[in-house]
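Just passing along the structure, written as structure tokens.
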Amino acid sequence: MSRHRHKLSKKAGLSPGTLHLEGEPRIGPVRITLMDYDAVRYMEKQCDSIEECFPYRDTGTITWINIDGLANTEVIEKIGRHFAIHPLILEDILNTEQRPKMEDLDSYLYLNLKMLMLAGPEKEIRAEHVSMIIGPHHLISFQETVGDVFDPVRDRIRRDGRIRKNGPDYLAYALIDDIVDNYFIVMEQIQERVEDLEEELVVHPLQQSLRKINQLKKEMIFLRKAVWPLRELITGLERTDSPLIQESTHIYLRDVYDHTIQVIDTLETLRDMVSGMLDIYLSGLSYKMNEIMKVLTLIATIFIPLTFVAGVYGMNFHYMPELTWEYGYITVWGVMIAIVIVMLSYFRKREWI
Amino acid sequence: MSRHRHKLSKKAGLSPGTLHLEGEPRIGPVRITLMDYDAVRYMEKQCDSIEECFPYRDTGTITWINIDGLANTEVIEKIGRHFAIHPLILEDILNTEQRPKMEDLDSYLYLNLKMLMLAGPEKEIRAEHVSMIIGPHHLISFQETVGDVFDPVRDRIRRDGRIRKNGPDYLAYALIDDIVDNYFIVMEQIQERVEDLEEELVVHPLQQSLRKINQLKKEMIFLRKAVWPLRELITGLERTDSPLIQESTHIYLRDVYDHTIQVIDTLETLRDMVSGMLDIYLSGLSYKMNEIMKVLTLIATIFIPLTFVAGVYGMNFHYMPELTWEYGYITVWGVMIAIVIVMLSYFRKREWI
Amino acid sequence: MSRHRHKLSKKAGLSPGTLHLEGEPRIGPVRITLMDYDAVRYMEKQCDSIEECFPYRDTGTITWINIDGLANTEVIEKIGRHFAIHPLILEDILNTEQRPKMEDLDSYLYLNLKMLMLAGPEKEIRAEHVSMIIGPHHLISFQETVGDVFDPVRDRIRRDGRIRKNGPDYLAYALIDDIVDNYFIVMEQIQERVEDLEEELVVHPLQQSLRKINQLKKEMIFLRKAVWPLRELITGLERTDSPLIQESTHIYLRDVYDHTIQVIDTLETLRDMVSGMLDIYLSGLSYKMNEIMKVLTLIATIFIPLTFVAGVYGMNFHYMPELTWEYGYITVWGVMIAIVIVMLSYFRKREWI
Amino acid sequence: MSRHRHKLSKKAGLSPGTLHLEGEPRIGPVRITLMDYDAVRYMEKQCDSIEECFPYRDTGTITWINIDGLANTEVIEKIGRHFAIHPLILEDILNTEQRPKMEDLDSYLYLNLKMLMLAGPEKEIRAEHVSMIIGPHHLISFQETVGDVFDPVRDRIRRDGRIRKNGPDYLAYALIDDIVDNYFIVMEQIQERVEDLEEELVVHPLQQSLRKINQLKKEMIFLRKAVWPLRELITGLERTDSPLIQESTHIYLRDVYDHTIQVIDTLETLRDMVSGMLDIYLSGLSYKMNEIMKVLTLIATIFIPLTFVAGVYGMNFHYMPELTWEYGYITVWGVMIAIVIVMLSYFRKREWI
Amino acid sequence: MSRHRHKLSKKAGLSPGTLHLEGEPRIGPVRITLMDYDAVRYMEKQCDSIEECFPYRDTGTITWINIDGLANTEVIEKIGRHFAIHPLILEDILNTEQRPKMEDLDSYLYLNLKMLMLAGPEKEIRAEHVSMIIGPHHLISFQETVGDVFDPVRDRIRRDGRIRKNGPDYLAYALIDDIVDNYFIVMEQIQERVEDLEEELVVHPLQQSLRKINQLKKEMIFLRKAVWPLRELITGLERTDSPLIQESTHIYLRDVYDHTIQVIDTLETLRDMVSGMLDIYLSGLSYKMNEIMKVLTLIATIFIPLTFVAGVYGMNFHYMPELTWEYGYITVWGVMIAIVIVMLSYFRKREWI
């Protein structure tokens, strides 16, 4: 959350279109990797400077330039100049708070989305802002840091898969598909946590649980913001009349659209479950309270009358005939036991015990 | 739920269009049955290999090939090659988590939906992923396992019903209609369970009930995902300008659409009832708590003052004139009885007893 | 509810278009009444067989055939043959669970809706499935049993009202208008019950009340299903380009549409009230619990310290100087009275008494 | 509410288009006032009979006929005949339960809405059904009783304002604008009541408050029904292609539309506040209960152990060594004080006191 | 809130289009500042009278006239006459309660929105009504008081930024962008307060907290009314076919639209959090109540039986054999300790301690 705030205060007052990294940058150097391929050839290399990649643009082969790390805005600016990218698009690439969207700028398409991964030993959810520029023969992707979910795509390029026979639009589809596939893994982990918490709430509602519910709620909101706009983004790609998206790619976009809908469905289901948790927590508390009250009532209602009886014969009146009766003491015990039996059978009748 | 998870983890990272069975397969061999008919002739047989069925495609009669069991992906691939099915459609056939949908691929229509049945002695709800390929003279249906709800359709084919005079589109309608009819039976069973649980909640709210509510909620969500997309699917069939759906079938599609709406209505009603159950549970708990508190209050407020009175005359002061009075003891009893009467009439006035 | 279930189990597996009465039939013979009129003439008679009515179809006058009782499916079938009604429409006429709808079948219009009446000494809501077939010069109406809300329409036909100068479309409007008018009466009765229950909940929340709330909720759901589709039905009648609905009838349809909206508004208001009732019930319980707790606290907190004081001087220590003081006893009483006063003024300050 | 019911029972069964006053009439004679003006001339008079007004229709000047009181249906019928008003429109004029709407009948426009006023010393909300017939050179307005919010409009006519240079459409706008302006006053009063009740709920939740909340809810529903349809009504006036609404009036209609949206916004805000009140009430109750429980627990948990100690030394065993110790009594007091101190510090630690 | 009310009562009854300041004016003189620039020149001055600014309109350069303070309606009227502004627009400029909107009046565009700032040492949210008139070569902005968020824009004009090369439409965009940027700062502050309050509710629910929740709710409603209509406003600017908005400005409008969506998203998230707070408050109360009840039950259920035992042997029966036993006293202590141990282990088993 603190990230968000920092960004906000910094941004206000800056001229739109001024390049600077929004969001708290994760430290790390910029790494540029290049894959150049067509149906027959394939080349892969890591570039030291962005200029190394530029010649590949016009070779007629498909060129995928991947930038890991947004801290070095100079690289972004150079790309912007070389590929004639609009300043506002460059700004969107750097704005890690940007809502997923697609824009058709005639000579290229821009799109950005959130890559979700489980990271670290705690399997925490890590989100990364990913942007893509789709040109006629190239695709440039931008990521916040080194490390992504695109290895399967790279393998398929190396292994001469269907991807090699298609253009940058199919490559973009493959990358999006990979990102969406990882959403399922994240959903699965959240689902486990939701189910564990639900069990905990029914059995042992703790003050701690309230915080866990709140935490889950906030994660849900974050995921929602990441996933929902994807629907629009993919529909946009499918409906655009840009020649950059080929007819044959449409069925693949529809497929990833279907998967997105499935993710959204799962997300909404989880949201429903989480939003009902406070009620389950309250129900759990009420149930426990009820149990406690029942015991208190049982003990108190049984012993209070008995104590009264004992109190009566503890009085010091001079003339209390019962006290002098030979069987007085034993009779009182009898009375008290009778009271207990009556009480217990009443409680049983009311189904309290 | 565990099924879902397995699927998810397995899928991520696989190239789209690679055939493999998604979802946990239910074990069982593949069974292929074939029905071939037109208005005058009718033939039915069980095939050992899928190749046996292929010649029937071009005989001019209607051919219904039914595949039970998706474990053997080789059969699916053969069908895919013979009937020229798009790889993504084959993938959808195998993906038992696929959301119901209809796709028009010009030379054939694809649709999938969920078949719901009550199975076993416990009448548990069993869901099966059913796909259909509708061609000009053939319909191929795919099911997860042997055993379905299509026997009435088979009987009607054998008995020379209206179905024999119509094309594969009418056959598809008949199958969908059968599936939707079975939704009613499932709804009916859930409705009974909902009503039983509702009664239980009003009379005896138990910690166990919370779990039952949660269980019902999850089943509702599952059913919702199975039933809602059907509406769109049928509308899609009706609105498509594909020559595969004849004009005369439209009124039948509208009829099954009406039934689907009825199922959705019932489902939404049940969902409303289930979503209100937690409140009923809480109300039940509160009511019971109230009853318990009333008894506690009654007993405590009556005996606490009496015990005090007894306590007073149990004091050992040397100069306590009441103790030596001849009628002291009897007077104290009188006072105590008076207190009880005052208390009880106060409670009666407040309508607590 | 049990009705619904029976229907459902019976239906599944039957060929669509097979005639049989769906829903539990109310016993009673079929009664066929005929009214034949135009602007100048008027004739009314009760027919023994449906064939008696057929000649009137082609006389050029308006013919209203009313069928009371759906148990005799033979009559329905005969009508179907004579008037060339589609089998699925005949099925809809018999399906008393059918959702209200309108269908334009070119040579005739079909519509069905729910007739609501208050019946019996308890003024229970009774719903009847009413269907109408609107032809160029005839209207055929089907009801579940004898007894309806159409007497005002019959009187207007007899009294030579505006209805005599118009076609079967105006007659259909008049019948729908009568049905909608009766919705108001039903709403009014429910409103009374809702208000009575609301008062009960505020003053005396009982376990019984929970059941009444549930009952009302279910009736609301039923009414909703009956009334909401009417809107669409009437809009359908107005928008159809069928020559069976004359231009001059449109303003009347708009009028009955307005009334339907008014019924829906009232219904939604009532639903809002009913859906808020559980909260009022809980509030009422909480309030009562609060009152009870206050009394318990008052009594307990006053007497517990007093009892302690009495207990202290009931101890049997040999050396307790207070016991031998001449004014010890009176002092203790003084102390105890002081405690009571302090307590009471504290409670007053906290506004608990 | 009783009004509504009466109307409903009366209406059912009457032929549509039969004139009779729907809703409970407020008693009072019919008063007819006439204003006739154009940019240069202006005339105002009170008519004894409606026939007096008829000649002004064709003078070429703008004629505003205002009818106060709907009890005399004869007057309405005469107007209907003279101005050729459709019977259903006359019925709408008399139906004081009619939902606000606009109808374009080619030769005239009909619209009705609710006039809200604060009336009497208690500033109760009074609603009146107002209808307008807008013709080419005349406007006829109908109100339930004498007394309205149109005096500002009359003054502007007399003072030769912009209104004098425009047609009946501008006059209609001015009247609607006046009615909407008064909605603000009504909203303001409700807002005050809502805020007062909210404060009461936080500080002193009473059983009485539940009723007040219910009362407010019902008023909200009433207002909602009165205000929401206005939006549609004004949009209808703006979008109609009737020559009766001049192009130059559109900007004014958009202005009053803006005001209506503002009223709806305020209303929805108030509704939100009122619908959250039951929760605030419950919170208030819970908080109070908590406070009471804390005191009870404090007193009980402190004195119950002390009373036990006192009870122990009130036992009459022959061999109780403590009783004969010289400092026994003082020691027991010490023990008891120690218990109190321990208890209090525990409570402090738990932040209960 | 009182502001709103005043406005409302004053407005009702005034002729539409009469100029007077609506809303409570913040005191302060009118200050007129003028910036005149094109790509090469730039001039800035503070004017004593509005007439000074008029000559700049027709110089061909871009003229930005900024009016601080709406109290002097004469200035507004003069501008209205000189620039031919419609009276209703002038009214909207003065109506500080006006909902944000955009209107295209052919020769100029009008738009208004809310400027939000954090003001004073307490960082309270201050809202100001800002209007803009966009002409072919001029932009006139109106603010309630001196002090705004436009300094970054002024700096960019002085520093010869991109703004100097564009028309008044780009200037309007820059101003709106500045206002929206400040919304983020306000959101950030509210977010902090929401999170602080949430923590407070979980740990220490106080009666005071209820008021804070209500306060936040009201601020949310206010912000919602300010921010939501912006979406429509910007879409309106983008979609208008007015030549006043140049094609090249569209991408900038889309950018500020994106930011507005981001603000709305944040706002809705905050609203969700605030609307769930009452439940968290209730949960917190319930949890605390549970804790208190547990202690009470523990103490009471342990000591009530012990006190009874002590009471029994405080009875004064002549024949109570236990009293004379040598180890009677020690045995009773043993019994009592045993009771305590049994009780404690029972509680431990139930997980209450």
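A, B, C, D and E label the chains in the order they appear, each numbered from 1.
The rule is short, and it goes like this: a contact is a pair of C-beta atoms (placed from the backbone, for glycine too) under 8 Å apart; a residue touches a chain by one contact, two chains touch by 3 or more.
Computed from a predicted model, the values in this text were never measured in an experiment.
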| item | value |
| --- | --- |
| Labels of chains that are neighbours to subunit A and to subunit D | E |
| Copy-to-copy rotation for subunit B and subunit D - C-alpha atoms, rounded to a multiple of 5° | 145 |
| Euclidean distance of C-alpha centroids - subunit C vs subunit D, Å | 27 |
| Rounded Å distance between subunit C and subunit E, as computed from the means of their C-alpha atoms | 43 |
| Subunit D residues counted as touching two or more neighbouring chains | 279, 282, 286, 289, 293, 296, 300, 304, 307, 311, 314-316, 320 |
| Ring of chains, enumerated from subunit A in the sense that reaches subunit E first | A, E, D, C, B |
| Touch list for subunit D against partner subunit C, complex | 1, 4-5, 8-9, 11-17, 86, 88, 97-99, 101, 103, 204-205, 207, 210-211, 214, 217, 221, 225, 278-279, 281-282, 285-286, 288-289, 291-293, 295-296, 299-300, 303-304, 306-307, 310-311, 313-316, 320, 322-324, 326-329, 332 |
| Touching residues on subunit A, where the partner in the complex is subunit B | 151-152, 156, 161-162, 174, 177-178, 181-182, 184-185, 187-188, 191-192, 195, 198, 202, 251-252, 254-255, 258, 261-262, 265, 269, 272-273, 276, 279-280, 282-284, 286-287, 289-290, 293-294, 296-297, 300-301, 304-305, 307-308, 311-312, 314-320, 350-352 |
